[in-house]
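Across the two complexes that follow, subunit A remains constant while its partner is subunit B and subsequently subunit C.
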Partner chain A sequence: MTTTLSHTSVNVDGWCEAVDRLAGGSLTLLSLWADPPDVKMALLDEAKGDISILSYACRNGQYPTVGVKHPPAIRLERAIRDLHRLEAIGASDTRPWLLHTAAPYEFLAAEGEALHQIAVGPVHAGIIEPGHFRFTANGEYLVRLEQRLGYVHKGIEGLMTGATLDTAAKLAARTSGDSTVAYGFAFALAAEAALKIAAPPRAVYLRALMAELERLANHFSDIGAICNDASFSLMHAQCGILRELTLRTAEACFGQRLMMDIIVPGGVARDIAADGAAALRGLLAEVRRVFPSLIELYDNTASLQDRTVTTGIVKPEYARQFGAGGFVGRASGRNVDARRLPGYAPYDALAFEVPVLTAGDVNARVWIRIREVEQSLSLVDQLLGALPDGSIRVDVPSRGGEGLSGEGLGIVEAFRGDVLVWLRLDDQGRAARCHLRDASWFQWPLLETAVEGNIVADFPLCNKSFNCSYAGHDL
Partner chain B sequence: MAVITDFAQQSAQMLLVLLMAPLLTGFVRKVKARLLSRQGPPLLQPYRDLIRLLRKDVVLANNASWLFRVIPYLVFAATWVAVSLVPTFRSGLLFSWTADLIAIIAVLGSARFFLALAGMDAGTSFGGIGSSREVMIASLAEPAMLMIVFAIALIAGSTQLSTMSAFMNSADVGLRVSLGLALIALIIVAVAENARIPVDNPATHLELTMVHEAMVLEYSGRHLALIELAASLKLLLYVSLIACLFAPWGISPAIAAPTLLLVGAAAYIGKIAALGFLLAVFETSIAKMRVFRVPEFLGAALMLALLATLLRFVSRSF
Partner chain C sequence: MRKTMIESLWRGPLTEPAPPVDEAALAELAASVNRAARARLGRSLSIRHVDAGSCNGCELELHALSNAFYDLERFGLRFVASPRHADVLTVTGPVTVNMREALLRTYEAMPDPKWVVAIGGCAVDGGIFSGSPAVVGGVKDVLPVDITIRGCPPSPRQLLAGLLALLNA
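Up next is the complex of A and B:
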C-alpha cells in the first residue's frame, strides 16, 4: 500500500466536512495542532492509506470545534487553547489542560449515594512520573476515573520554535526519555521530508536497529512491571535482567544505553561499533534462550492469570474511535502499525507480523508485547543480515538563505504506538514550528474507559498495562 | 529461687521475641531477594530502619486526634504481650496460665481494632480504604482462627498453649486428619493476618492496592517504628504458633536443665528460619489475588477448620 500525503487549506465547510467524516468513522484523527494563525489536523484514511493535513486559517483566533463531534480531539483542543490561545468555537469542555493555573481545577461531577472520591497523585509513592487521578468509587468498584495531566510540561514545542535543526532534534529526543530513539527517528523523517533529502541506506538500517532495541528494552520492562503490579516480582526480576542486557548491548553498539541523539536529520551520528553485530547476536541468543521460559511462567501462573484476564477491557469501538495505536489498539482488534501504515524505510523491505488480539484486557496487552518482542528479535536478525555498507550521514543544508523552508511529517512506531512529528522550517532552515504527538494522547482517554466496573485495587494493573507516557503527553 | 528463674526466663522470652522479630522480617526479605536473583538488603536492615525511624520527628496530621498518637503504643504493647505468651523455647512460663489461645486472639483483635480506628482518624481516603479492607479481612480471618482453636483444643483438651503444645509433643497425638486441616487453615489465616502475598503485599508502593500499609500511611517517626515492630512481632507470633503447635519438638519442659533450655532455643531458631524460608518461597511463587478473592481464600480456611472440628464429632480417631 502506498501512502500519499496531501496538504490542503480548507475553509469552514471543508473543515466541518472533515469533522463529520471523523465522527462517522471513515477517517482517523492523527493529530490536531496549531501553527498560529492556522490550526492543522492530520487525518488518516485507513482504507486507502492516505494521510491528509488540513489547514484552517483562524478568524479572530477561533476555529470550529472538532471535539464536540469527535471526542478524541477534546484534549488536543484544550492544549491548543493553553499553548496558543486559539479557541475552539462550540467546544463543550473549556477547562485548561496543560496549563496549570492558580484557579482550582473542576473535576467532572459524579453524584449518587455511597459514591466517594479518591484522589491519587500527582506525587505517587513509587518512582514514576507525576499525574493526578481522581477516582469516583462505590466502595471498591470504580464508577469514574478522571485524569489530570500536564505536571511535566517542559515547553518543548515552545523551545523548538526558532531553534536550529540540531537543537530542535535534541529537544525532540528529550520529549519522552523511554522513546528517545523513536522521537529522534520521527523528527529526522520530518526534517528530511521538509528539506527533501534522504538518509543513506546504512543509516536507515541502523535507525531501525536502534528502534527495535528500544522496543525490546521497553517491552521487557513493561512485561515485568505489569506482573510486579500483581505482586509477582519473579517476572519483574527476570525481565529486568533481559532489559539490562538489552541496554548494555545498546551501549556496546552505539556508546549509549538509551541511544539518545544518535539519530540526527540526515542520517545517524555514529556507526555501530565494530563488534556491535557480535554483541547483538549474543543478545538475541540469550533472549531466545531465556524468554520462552518466562512466557511459560507467565502463562502457567494461575494466580497471575486470574489478575490479568478480563481486567481493564478496552472496547474495540473505543479503540477504533480514538485511533489508538500500539499495544492498546492492537489488543483491542486494531490492525495498525506505523511501520506498515504509513510505512517507512527500511520496514518496507523487512518481513514482520503485526500481532492483533481482540480481548482488549490486560492479558491481551501483555501478549501483544510478548509477540512484538518475538517480531523485534526477528527484525534485528534481518537488519543485521542486510546491513548495507556506505556512508551513514548526508549533509544537511544549513544556513544560506534560499529554499530551505518547507514542511515535513514523520510518523514512527515507538514501543507505545505511533509518534507523529510535524515540522515547518523557515527559510533559514530553522524550526519555525514543530508539533510532536505521542501515542499516549489517544491512549490516556481509553484508560478512563477501561477501568469502569473494575475495582480500585486493579487500577495499577490497568495503568501499567497501558504504560502511557506523561512526559510525551505533557510535552 | 524458682520464682526468680521463672521470672528471668519469662523476661528472656519477651526479650528474645522482641529482638528476633525484625530479624525474621529481614530474613524473609533476604531470602525473597535471593530467589529473585537480587542481592537484597542486609539481614540487619530492619533494625537500622527502626533506629532511623525512632530518631525522626513525628509528623502529625492537623486533624489527628489523641487516639492517633496513643494507638501505636497500644498496638505495640498488645502484640508484644500476645507473642510473649506463645511458648517458644520453653513451655509453662510464668505467664503461661494466661496463655489461653483465645485470649491471644482477643488481644490481637483489639490491636487491630485500634489500628483500623487510627487509619480512619486522619480522614484521608487511603486510610479509609486500608481500614475497610483490613476489617473485611479480619471479619473472615477471626472466625476461621477461632474454629482452628476449637479443632485443636478438642483434640488437646485445653486452650492453654503450654498444655496444647505438650500434648502435641506426646505420643497420644498420632496422625489425625483434623490436625492436617487445621494446619492448612492456620497457614491461610497467618498469611492473611500478616498482610503477606497473596492477600496483601508488605513491599508494595501502590497506594491503591495496599491494605495494611494504606492503613498506617499517615504514621511517621517513632509511631511508625512501633507499628512496624508490631507487624514484625505479629509475623513472629504466627510463625511461633505454627511451630509450637505443629512442630513442638525441642521445646523444653517447665522444669529443665540449662542444656535443655539451650536445645529449646536452638530448635526454636531453626524452626523459625525454616518457616521463614518457606514463607519466602511461597510468596515468590504466587501473585497477589484480587481483593474480592480474599473472602474465598479465607472462607476456605474457615471451612477447613469447621470440617476439622466436625470430624471430631464423627469419630474420635480423626
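Up next is the complex of A and C:
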C-alpha cells in the first residue's frame, strides 16, 4: 500500500466534518497539536492508507472542540490549552493537564455506596517514573481509575522552538529514553522530509538494526517485569540477562548501550563496528537458544497464567476508537504497525509478520511481545544479510542555503507503538515548531478502562503490561 | 522451571567483579560526610529513588543494577520502597516545576543522616533541559547533593562505581 500525505487548510466546516468522521470511526486520530495561530490534526484513513494533516486558523485563539465528539482528543486539547493558550470551544474538560497549578486538582467523581479512594503517586515504590493514580474502589474491586500526569513535563516542544536541528534532534532523542532510537529515527525522517533529502541506504539499514535492537531489549525487560509483578521473579531474572546481553551487543556495535544520538538527520553518526555483525549473530544465537525455554516456562506455569489471563482487558472497540498502536492495540484486534502503515524504509524491503490477538488481556499483551521478539530476530538477520555498502550520512543543507524551510512528518514504530514527529523548519534551517506524539497518549486512557472491575492488587500487572511512557507523554 | 533453575546452577554466576570506586565521587563525599555518621551506618545502605523529570534513560540503567551481571545487593546496597526506610536518595532528571514539591517531601520523609546522589547529566545542572520555564534546574537547586554521577545516561558500571563510593568514604 502506498501512503499519500496531504496538507489542507480548512475552515470551520472542514474541521467539523473531519471531527464527525473521527467520531464515526472512518478516520483515526494520529495527533492534534498547535502551531499558533493554527491548530493541526493528523488523520489516518486506515482503509485507504492515506494520511492528511488539517490546519485550522484559530479565531481569537479558539477552535471547535474535537474531544467532545471524539474523546481521544481530550488530553491533547488540554495540553494545547496549557502550552499554547488556544481554547477548544465547547470542550467538556477544561482542567489543566501538563501544567500543574496551585489550585487543587478536581478528580472526577464516582458515586455509590461503600466506595473509597486510594491515592497513589506521584512518587511510586520502585524505580519508575512519576505520575498520580486516583483509584476509586469498592472493597478490592476497582470502580474507577483516573490518571493525573504531567509531573515530568520539561517543556521539550518549547525548548525545540528556535533550536538548531542538532539540538532539536538531541531533545527528540530524550523524549522517552526507552525509545530513544525510535524518536531519533522519527525526528530524522521528519527533518529529511522537510529538507527534501534522503539518508543513504546503508544508514537506513543501520537505523532499522538499532530500532530492532531497541525493541528486543525493551520486550525482554517488559516480559520479565510483567511476570515479576505476578511475583514470578525467575522470568524477571532470566529476561534481565537477555536484555543486558542485547544492550552490551548494542554497545559493541554502536558504542552506546541505548544507542542515543546515533541516528541524526541525514543518516547515522557512526558506522557499525567492524566486529559488530559477529557480535549481533552471537546475540541472535544466544537468544534463540534461551528464549524458547522461557516462553515454555511462561506458558506452562499455571500460577502465572492465573494472574495474566482475563486480567485487564482492553475492549477492541476502545482500542479502535483510540487508534491504539503497539502491543496494546495489537492484543485487542488492531492490525496496525507503523512499519507497514504508513511504512518506511527499509521495512518495505523486509519480510515480517505483525502478530494480532483479540483477547486484549495482560496475557495477550505478553504474547504479542513474545511474537514480536521472534520477528525482530528475523529482521536483524535480514538486515545483516542485506546491509548495503556506502556512505552513512549525507550533508544537511547548512544555514542560509536554499530550501531550508519546510514541513515534514515522521512516523516510526517504537517498541510500545507509533511515534509521530511533525517538524516545521524556518528559513535558517532551525526548528520553528516541532510536535512529538508518543503512542502512550492513546494508551494511557485505555489503561483506565482496562482496570475497571479488576482487583487493586492486579493494577501493577495491568500497568506493566501497558508500560506507557510518562516522559514521552509529559514532554 | 526446574530445568531453567538447574541450568543456572550448573552455569555458575554471571555476576561480574565490582568496578573500582569512582575517585571523584569519593573525594566529593569525603568533603560532605560526617565520619561518625558513616561509622554508625556500617556497610549497608538503603536507597530510595526519585525520578524528578528524567527521560527514563537513567531509570533503565538503574534497573540494570539489579540484574545478574551487576547484582547491586551483594554490596549491601538495596532499593527500598519507602523514603522512611532510606539512607540515600538517588535523583535523576532535571527537577521539573511539577516534581519539585514531591522531591522535597520525599527528602523530608527520610530519617537523618541521609545522602543525596544526583544521577545523570540532567540531574547535575538541568542538562539539555535547562532554561525551560517548566524546569527548576539541577538537583542541587532543590536539595544538598553529596555525590554526582555523570553520563547520559551513566552506564551501570559508572553507577556502581559511584554508589560504591558511599561505602568507602
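Everything below uses one rule, namely that the second predicted complex is superposed on the first by the 473 of 475 C-alpha atoms of A that agree within 3 Å, B and C clash if a C-alpha of one lies under 4 Å from a C-alpha of the other, contacts with A are read in each partner's own complex, and residues count from 1 in each chain.
Definition applied: a residue touches a chain if its C-beta (ideal position, glycine included) is under 8 Å from a C-beta of that chain, and two chains touch if they have at least 3 such contacts.
Everything quoted here is computed from the prediction, not taken from an experiment.
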First (subunit B), second (subunit C), both or neither touched by A:P130: second
Partner chain in contact with A:V152 - subunit B first, subunit C second, else both or neither: second
Which superposed partner A:R243 touches (first subunit B, second subunit C, both, neither): second
Which superposed partner A:R307 touches (first subunit B, second subunit C, both, neither): first
Partner touching more residues of subunit A, whether subunit B or subunit C: C
Which superposed partner A:A457 touches (first subunit B, second subunit C, both, neither): first
Which of subunit B and subunit C A:A345 touches, first, second, both or neither: neither
Touching partner for A:S231 - first (subunit B), second (subunit C), both, neither: first
Contacts of A:T180 with subunit B and subunit C, given as first, second, both or neither: second
Intersection of the subunit A residues that touch subunit B with those that touch subunit C: 125-126, 234, 237-238, 241, 301
Contact footprint of subunit A on subunit C as seen in their complex: 1, 3-5, 14, 49-64, 66-69, 79, 81-83, 93-94, 96-99, 102, 106, 128-129, 131-135, 152-153, 155
For the subunit A and subunit C complex, residues of the former touching the latter: 99-100, 122-123, 125-130, 150-156, 158-159, 167, 170-171, 174-178, 180, 221, 234, 237-238, 240-241, 243-244, 247, 257-258, 260, 293-294, 297, 300-301, 469-471
Subunit B residues touching subunit A - in the complex, by the definition given at the top: 32, 35-38, 125-126, 129, 132, 197-198, 201, 203-209, 284-293
Subunit A residues within the subunit B interface of the complex: 116-120, 124-126, 139-140, 227, 229-234, 236-238, 241, 301, 303-304, 306-307, 455-460
